[in-house]
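The two complexes that follow have subunit A in common; it is paired with subunit B in the first and with subunit C in the second.
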Partner chain A sequence: MTDQTTPEIELSEAQASEFWTGKRKQRFWRSIQAILIVLAAFVMLVPIIWIFLASFKSHVEVYQLRLFFTPTLENYGTVFEEPYNLGAKLYNSTIVAFVTVAFAIPIATMAAYSFSRFRLKFETTILVVILATQFVPAVVIILPFFIMFRDLGLLDTRIGLIMVNLAIVMPFAIWMIKGFIDGIPMDTEEAAMVDGSSRLQVIKNIVLPMAAPGLVTASIFCFILAWNEFLFALFLTNRDAVTLPIGLALFRGEEGDLWNLLSAAGIIIMAPMFVLALAIRKYFVQGMTMGAVR
Partner chain B sequence: MSHIPPMPTMRDRTLKYLLVLPAVLVVFATAVWPLIESLRFSFYQGRTDRGDFPQNWLGFENYTWAFLYEPPFWNSVYVTGLYTVVTVVLTTAFALGLAMLLAPGGKLRSGVQTLLILPFAMSPALIGVSFRFMFNPEFGLFDAFFGVVFPPLADVSWLANPDLAFAVIVMADVWGWIPFLTLVLIGGLASVPQDTIEAAQVDGASGWRVFKDVTLPQLLPVLAVVIILKAIFSLKTFDQVFMLTNGGPGTATQTLSHYIYITSTRYGQVGYAASVAWLMVIPMMVLTYFYAKFVFKKDDGA
Partner chain C sequence: MAEIRLKNLTKRWGDFIGVDDQSLDIHDEEFLVLLGPSGCGKTTTMRMIAGLEDPTAGEIWIGDRMVNDDLPKDRDVAMVFQNYGLYPHMTIYDNIAYPLKVRGTPKADIKPRVERAAEQVELTEFLHRKPKALSGGQRQRVALARAIVRTPKVFLMDEPLSNLDAKLRVTMRAELKHLSRALQITTVYVTHDQIEAMTLADRVAVMRHGIIQQLGTPDDIYNDPANMFVAGFIGSPAMNLINGSVQSGMFITTGGTKLVGIGGPDRESAILGVRADDMSVHDAGEGDIDVTIYAFENTGESTLLTVQWGKQRVIARGDRHLRKEQDDVVGIKLNPDHLYLFDPESGDRIRMGGA
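Entry: the complex of A and B
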């Protein structure tokens, strides 16, 4: 295919590059690329930086388009006071995300080990169903839970929220951990079993220690998902169990949005997630695509 | 399916199912059951202001109602469809460009790659909030920027104009998803054999031809995964819309998820909402089918 078209291209290339001889052309493109990269990074960061700056602005200054201002920490105090009481939301978010992960990871690890090491009946079907549940719209899942929790008195409770959050976290946890266990060679396991260890001993003494970094990564990934979860909490909570993302709505006062407070709350929500995400950045893509891309 | 052949041990026969059981139960209870229950609801009159739930059996009446008598339903189908197409195209195009720029590596490039993780760790609700901030008519940074670059936009109130509000939710989504898709595509580009590219270059092929004839065909499977994944998430979009425009002005940015939210919470029509929700599940299943095909094709090939 290329053989036929090559001569033509050579000709047109030669004509086109008459002016841009080798090095000059290369240098030109390199600087264009560098400019584009910096520009892209800038666009990516601007909204985040802007919120960061606004969180240190006073009530007056936030309503002006200014880069220079006298920074204040006041907003970070105000959001924790009445009527905003962000501390309660922070507590809810932390508990809900933490307990969700604490349930999901051990259950997912057991399943992932089995999927990775054994051949099960309907294995593909089960894995596809688990994968597919991730794509079910959250609104579909929440309707029956909304009715059920209403009847059981579980609306606006952290327990209810934890139960539905498992729906979001489990498929990712299973697929992610399965990926990690797939990557652990089996020789050590086999050797230990020849030496008389039981399967459970092998899992406990060999697989878990080796999979530990992967388990931590999966836990962090799931924690971020649960922390950022919005729709379930919006349906299920209204006062006692409100989480941080829902808490943002508090700052839409009668006189409009209180941007300085919104920004401070925003930073409180995203800063810990930035730290966590950076810690596991190499696995983020793998986690999200559940093994479709490697 | 897995890469490693299974170890034949008799005792494992029950153990392997016991290990999977809790996970299967949890997935069933938190995802499969609600899916089926929603389907059941969709055939009933299910109002939340009554004591019992659901009430009368309606058959397909909820569905017919949506199709025949509910212009807001069709509006949200239209909004969601347009939104999906536009965001998938824009995000993929920008992400591909950025991935090409960043793929070669080096200090600047890997630094920027690291930064790309940040927007993705941001809750979509927060992205919605930040874009409402950026497009505030009086002190929004993007609002001011567009006003300078394109003066006719200087005095408009973005979120009060139906078309511009739609543009803003698209921008917020594209902004939030470019980083992730870029990272996936960088991974894809890394697997394109370098010698093929070099061979083409030696043959004298221009940069564009190398991209079109060598890189792109190799990248196609990854690109397909990216597009399917993005389409699924676009179809489901709710968080940003809720925080950014709350479906407005009017219903100009009301996606299907938002429509379901409003009908079920504000109007208490859970049965009807469930029928609309199930209409949303169907395209999702089609997309998931293709996605799963890619996942398992990869697995078999390895």
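Entry: the complex of A and C
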């Protein structure tokens, strides 16, 4: 058996199938996977990159697919000037999104805690109905909202928008946070009660800290929903309470779409998302997986 | 410092009865063990004492106060949970300090008391860690330290050792015993492990299907079981229960062997209980009965002989130097002072005349 010649490379059928099992097969699928991920990322990032570049181009350069151009910050100035006045819209969006989150998370947390820890009458029904409200197409309920808001004098106000956004984000927030609270062992809470805590102290000292990743996740999620909300803002505002997504529409002028300005505004809309994502990436992943694994 | 009195305590979920109309007085400073198989209502009983479960009926008294309507925090008890119930987001120090902090103990008092409790369970070097970074035994000691950092009226412990490996369990058992003697606080301890019950308890309450079968000292329940369930549950190996009848004062096995004189009236059917330790092994012909060895086991500290006894198999304990083979014939002698007779229908103990 010391024969040094190369063995014949003729695989039998069984050997050939062997070839495709085990490590080799695994490595093959891994590379396919990697390629697909890169591809998906590319598809998702291309428009963003395009917008990013366009926001630094002049109106003329936008339509030239050149990688090299003299970048200008002019667009970022223009969008804040008359007639676009993006500053006011940025202010509206910020207020609406923050206040929505500030109200939604505490209320949703209380609701989620009750759903998770107390057995209520018609509990499942209520939970399903809460979620079901989200399956109603927004266009269907915009008209009643419009009429109601007109009668209440809430049209074109930030308070009105905040209320609408609360209605949008609360169901998601409740369901999400309930998932996290469900994951906190009952033992831990009971131990705290025996140790001398009232129910409120249990929530403050035990539940909230343990659910923190979940609360952060839910907050971001709600913020994004409120920040990007378009349809209701389109119908329920026209001047004073206009938000950023609606503001984008301003750049469709008679002279055509002002892509360079649109892009700058787009980047301004996206910027907080990127900053948020970076700042709390760790929490977010932890939160997402915690909710999922449970 | 308090006694606990349970008066006609019942817990029902729909039709299912968890604890069935039980009354129990636990003395001040007593270490009482609730012992029974899984699902017999031990935890439920304990949770009702802690206030984590509302009784369906009955009263719970701690000291001279009926606590039925008190919240857990107002009952002044400390509990060790089966899964420890530690606070994963707090350090060990904060875990142990929590009962003090939440009850508004002055800041200056907290540190020395936490450190003393940690010292008592040998956790001092881990105080800055989080529970996740501790082993099972260490976590168990954190739960214990959190309980002893205060001086509550009552300790409640729900199978605190059951998540530990066998060796650690023996060590921790001794530590628990030492600690409880030092602290002298009324303790209710739940376990399904009869050795824990025997070694730790001042008194044991043996439970089954939500009913206390017998309440007594470890000696009582071992040597004077109230019924067949207690007899079979306590002791390792389990007590041998032999089917037969009583005729003119003799116990006769179902197989027809005249076994031993026990006195009393004739009975068509009866069950004789005898522990492995109360049977002595002799050469063939020298015992009450000759039997064939079905299996011979050497455990090191003694030998166990499973012998074929008519249609039944019975376990006898032999001297640790005894050496026998399967299928050997030996003589077995029963210790007449430690025989128990039970009614096969009800399982109740039949007290033998004279014994």
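Here is the rule we go by: the second predicted complex is superposed on the first by the 234 of 294 C-alpha atoms of A that agree within 3 Å, B and C clash if a C-alpha of one lies under 4 Å from a C-alpha of the other, contacts with A are read in each partner's own complex, and residues count from 1 in each chain.
One rule holds in what follows: a residue touches a chain if its C-beta (ideal position, glycine included) is under 8 Å from a C-beta of that chain, and two chains touch if they have at least 3 such contacts.
None of these values were measured; they are calculated from a predicted model.
K.L.:
First (subunit B), second (subunit C), both or neither: which does A:M210 touch?
P.N.:
A:M210: touches subunit C, not subunit B.
K.L.:
Touch check for A:T133: first (subunit B), second (subunit C), both, or neither?
P.N.:
Touch partner of A:T133: subunit B, not subunit C.
K.L.:
Touching A:A40 in the superposition: subunit B (first), subunit C (second), both, neither?
P.N.:
The answer is first: A:A40 touches subunit B but not subunit C.
K.L.:
According to the stated criteria, A:V194 is in contact with first (subunit B), second (subunit C), both, or neither; which is it?
P.N.:
second
K.L.:
Should A:M110 be classified as contacting the first partner (subunit B), the second (subunit C), both, or neither?
P.N.:
Touch status of A:M110: first partner only.
K.L.:
On subunit A, which partner touches more residues: subunit B or subunit C?
P.N.:
Ranking subunit B and subunit C by residues of subunit A touched puts B first.
K.L.:
Where on subunit A do subunit B and subunit C both make contact?
P.N.:
190, 193, 198
K.L.:
Can you list the subunit A residues touching subunit C in their complex?
P.N.:
185, 187-188, 190-198, 201, 205-206, 209-210, 212
K.L.:
Considering only the defined contacts, which subunit A positions touch subunit B in the complex?
P.N.:
The touching residues are 1-2, 6, 9-10, 12-13, 16, 33-34, 36-38, 40-41, 43-48, 50-51, 54, 62-65, 103-104, 107-108, 110-111, 113-120, 123-124, 126-133, 135-147, 150-151, 163-164, 166-167, 170-171, 174, 182, 186, 189-190, 193, 198-200, 224, 227-228, 230-231, 234-235, 245-246, 248-249, 257, 259, 262-263, 266, 269-270, 273-274, 276-278, 281, 284-285, 288-294.
K.L.:
Spell out the part of subunit C that touches subunit A in their complex, as residue ranges.
P.N.:
The touching residues are 50-52, 71-73, 75, 77-79, 81-89, 98-99, 102-103, 146, 156.
K.L.:
Mind pulling up the subunit B residues that touch subunit A in the complex?
P.N.:
It comes out as residues 1-4, 6-7, 9, 11-12, 15-17, 19-20, 22-24, 26-27, 30-35, 37-38, 41, 46, 48, 53, 98, 101-102, 108-109, 112, 114-127, 129-134, 136, 138-141, 144, 175, 178-180, 183-184, 187-188, 200, 203-206, 209, 213, 222, 225-226, 229, 232, 235-236, 238-239, 242-243, 256-257, 260-261, 264-265, 270, 273-274, 277-278, 280-281, 284-285, 287-288, 291-292, 294-296, 298-299.
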